[in-house]
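Quick notes on the structure that follows.
Residue numbering begins at 1 within each chain, and the chains themselves are lettered A, B, C, D and E in the order written.
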């Protein structure tokens, strides 16, 4: 019932579509420039002072938990966000997209994780304009902590850059994780392949399906990001520096690379399926041949034995002194002939 | 015989292609601006006063029932509609499309519903120009009632907007329903998947087909809407405000998202088919192995029993004191050997 | 040997590629404007007065039968047709195309009909310029009669329009027929589906193939028309009015709609194939299970019967008073056990 | 080892990649204008006087045999050909391509022939500029003879045209042959289809494969020609007249038409495969049913016979006066029941 | 774990992703112009004097071994490379790409080799600007030696050209090798095909899979190169001469040609699979028919023998003088009838 909750609402309505009663609302505030850095975490977000862009500073509001629609509205009012951007922020099933509004830029994408062998897909929305970046997540995990630390320790060139570069850094951070997920899928695929090669009998073809489904799910949320990043990198907005676009182009290439690899993996999985089908049908053939050989050898001689088990009064062979031994000989010749026939047919 | 009724008619002929004797003609009239709102329903449409755009008002004529071709012509005359638009209004099998005429804009799309497990596809045509919107439907259900209520209660920003925004709101309302249908298909797919995983034997592969066919039908009517909305959102007509185009872009993205999901669902259904085929052939293999084992164990020893059931006068083994017991031993060894052979071949 | 007749001829050579000795040459001449209408049929075309565009009149020469290459050349000379257009007129296997020459516009497309359950594909070439339209067909059927009647009776707006609109009307007439063929294919598909659902055993999968082949054939001749009509509707020639292009755009949309439907039908037919394969293999499984059950129940107890049919002198069980009845009991227990085993395995 | 001979050579190196010791080098020289025509064949090409474009004449050098790399270099020097064009001339595995150099235009394409049921693919390179055309072929067959005759006899408009039109005429000549090959493949396909329909048992599915492979091979060499001819027809070089481009456009359409037909044929062949698979599995089902019926009828009654063949001392039925006849009755009822069961299951 | 090592690092971080402890760092330095040529190899790269472009010379630094991230940084500093280019140089899993930075041009592609029947994929990055070219490889093999020798011996026109042409020459050298790999795959495919045609029974379908996987792997690294070379050939940078672009276009065509051939090979391999499946199922049918024939002939007559092996006291046939011989006759007729039945069904 993912989408039904939203059906019938006026466009621009903020409606949280995720799981109810989930994450408590948390807000991480960071402000920095080349010289200074300050960070604060608000458990009670309502106390957080939210105000738009100070001069000479880049602000980053990282909001975790989306169930408080009133709070999202408040954020939207402060930063003059378009109502459609606000609606999209609260919709955790949003397809990755890039949109430019009069007062800012909106990007939505998915954060991927393998948790206990299962793909977890989490929506992340980013809104930025001159001087500030807002990020919205459903989960309470502080996934951006390494990035904050990096800013604080001034690793990379991030402190010298503006909000557009911070946005890029956040996207890059998320896309980096795609490679990690890709690695996991590759390892699983290789394990499957190995187990198929080692022992075809115990291999369960059905194992391929969940992996294929993971591929489908992952591809579905990554593929649209390509187009979104392409639009981002070609934006002619003044808010985005030319230099930043080179970086966005780079992360765009990463996304293409991930999708390419996903497609190759899918083809490999299909190949595994084909091998297994092939091996199984080869085995089936062997089983059938064995059955046929057994049948063809014993059925005729069993019939002969049946003949001489009959109780007719007048059966001359039965009185013959060596009748029994002659019959045994005939049976040996018959089954030997059959064996030769099967060897010639390469069934043996 | 969907299309044959129209074959051979001159272009621009109004010809109702739906089911005969269906819906009585109904007309819902709404006029509103920021300050005032008025609504009226006419069961006898001929009495309805139809007149073109008043100043400062947005008019919405919602016509339900299309069999009265003369009435459609009358509407067309009042609003100076192009004859091709009129022809399309009456053709319930029209492919979704956006077309701009000198005097107005025409959009046709499909309203989807799951009724008792079956997809119902209903054609909706929209024609608008400065100051008025016309909607045409085949069915008598008042599907736009929630939208009218929303306008009356002035939810969202609709009362402050013009006909172009109302058109968008109607499209958005219809596309919203696609998500609802999508949810239903997803639930059905998950049920199928679950039933397959729970009990492969009782799963009926044929159940996948109607779902796949639903997917095909739905995709066929939604996919062309993408292009139509794309054209709408890129129109350079003066009748459509820039702000509205952002909204149309948004509903365009929704449509893409629905088509993406439909494609993913189709791939998942194909995956289910593959699993089932795989499981069935695995089972077939097991059955054949079982048959072969039974045959291979009993046929040879049955043959031996047949040998000593023969009535030859001279069969020395029969006179042997322990002949019977020795034979039983031989049989036990033979079948034991076979069992070992099958265990080594991993058939057991 | 469809194409071989033309191989090696210089480009621009008029070479009739259809069946020899076919249609007698017939010419239908129509001239009209808003006020007047005249029509004439010439069985002996050589007597027909052929002359280029009168002022204020639209002329339509409808030529049926293409084997008279000299006559086609004569037509070409009068109307100053490009030699490539003349070559194409005589080639009944021409792929649908739109081409603009200095002196006129050339369109070739296919007229489709279901005759006694078989698709008949007939080539139609149209050449027009200011004031006149030429149509060329292979067959003698007067397929355009309804259109001529419509012009005479002045239905639609055709009499007020020029040669470009007449060209459109002819294309629209032909494309309209595609819907009729589409309906026939849909009906056949539905019948197949029904017969599959009703009785899977008597369904012949091979029936799907001719329908699929029809789909292929039809798609092959309609798909290129899309591009041709697209080019027509975007032509910047002065000979084509803007208003006419809107109509051409409309028939272009019809063509897309037909191709969409053909693709959907192909997917449905593939689905039918899959269902049938699935059902057949399910049935095969049932047959094999039945065979295995019969074998597994009777083979062991038959073996037991064989044992006690042996003629060893020393077989103590045979002398036992209730030996026979005990054995019957053992057999009953054995086969009962087997039955239980199969029930637990859900084979029964 | 097709390509390996060239690996590691500097770009622009003339390296013949075809079969060694093949064709003796032959050169056909033609010069013509509207008034005059001259032709000469040189077996010893080194004696041929090669010189660039005379005024008012169109020269055509047709070179057959490519192993003499020095000679190709000499040609290249005389006509100032780009080194990449020379390299491509000598590479018989060159993919069809159109390239414009400063001093001329290069086109490479494939000449196709069915020789004794096998596709022969031969590379043809064309280089032209104002006043001259060079053609290079690997084989010694004088395939262009009909074209030369046509020029001599002044058929078509070729004598009044320039080198660009001659180039077109050569391409058209080669593409015309594609239709001939297409006809052959179509005939083979139809024969296969017929033989499948006539007698499904003797049909060898493996026959489809070589035909499919031919299709693949042919498609691979024709498909790239589309793009090449498209570029040719859109060239803005002064060397190519507008009128000629209309002709090139025409042959471009032919190429598309051939590729379309190849794709349709491939689909038809796949359809044949599906039919055959379907028929074979139907037959398999019948065989299995027959086996099962035989088994199910005889195994139980054989068991009964086995029972009464046992030698227990105390078997009351054996003493019964009509025991034998009662048993025969029981057996008849049993097998009759089985037959009824199978009839009801529609196995009979 | 290919990608995981990089996850979480700031963009622009140089992080070697290849195998640890691999290649010792080697540097080949070449400088040349039309008159002079000098070359030097540094085993201890730190001693190498690295300096940017001398006037009138083209410099080529060929770096082998990428584990020394500090050294790569040093190179980057000297040649003012963009940090993203440096990051990509160290990432051996980089997707082929072309990127233009302010100070230079970056191209990454893959060098392919078949070593002992296995595809080896090695990343090569190229960075060039006016006067110098840098190449980076993971492996220690001096793959570019033939190219250096060619420059030294002044083969081709390379000494007269600039850095852009050297870059082209390097790419051409690498792409040339693709043809060599393609040849190997073609030979393997042909061997498979031959072995399938010669003896269908011993053919192992599973052999097709590794070849298909090789195709997938190769295609994945070559396909993106097309787009990269296309961008390279269309660059409007002043650093790249028009003449060079013609060459780049040529190598671009080669890449397309390779991808085409790979796709055709994949289709041929799929065809082989289909043939084998077909042959196997034909054989299965034969086996089943044989089994059924044996069963159908012997089971009924064995039953008859069983009948007359029963011990009923009152079985009149047993006393009949010729009972035994009559029964033998009946059996002969029965099995003869069965044989006729099977011959008529074409099972024999």
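We take it that a residue touches a chain if its C-beta (ideal position, glycine included) is under 8 Å from a C-beta of that chain, and two chains touch if they have at least 3 such contacts.
From a predicted model like this one, the values you see are computed outputs, not experimental measurements.
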| item | value |
| --- | --- |
| Chains contacting each of chain C and chain E, listed by label | D |
| Shared chain contacts [chain A and chain C, defined touch] | B |
| Cα-superposition angle relating the copies chain D and chain A, to nearest 5° | 145 |
| Euclidean distance of C-alpha centroids - chain A vs chain E, Å | 25 |
| Euclidean distance of C-alpha centroids - chain B vs chain E, Å | 40 |
| Chain D: positions in contact with at least two other chains | 281, 284, 288, 291, 295, 299, 302, 306, 309-311, 315 |
| Overall pattern in which the protein chains touch one another (line/ring/star/complete/other) | ring |
| Footprint of chain E on chain D - complex, ascending | 1-4, 6-13, 82-84, 95, 97, 99, 101, 201, 205-206, 209, 212-213, 216-217, 220, 224, 273, 276-277, 280-281, 283-284, 287-288, 290-291, 294-295, 298-299, 301-302, 305-306, 308-311, 315, 317-324, 327 |
| In the complex with chain C, residue positions of chain D that touch it | 146, 150, 155-158, 168-169, 172-173, 176-177, 179-180, 182-183, 186-187, 246-247, 249-251, 253, 256-257, 260-261, 264, 267-268, 271, 274-275, 278-279, 281-282, 284-285, 288-289, 291-292, 295-296, 299-300, 302-303, 306-307, 309-315, 346-347 |
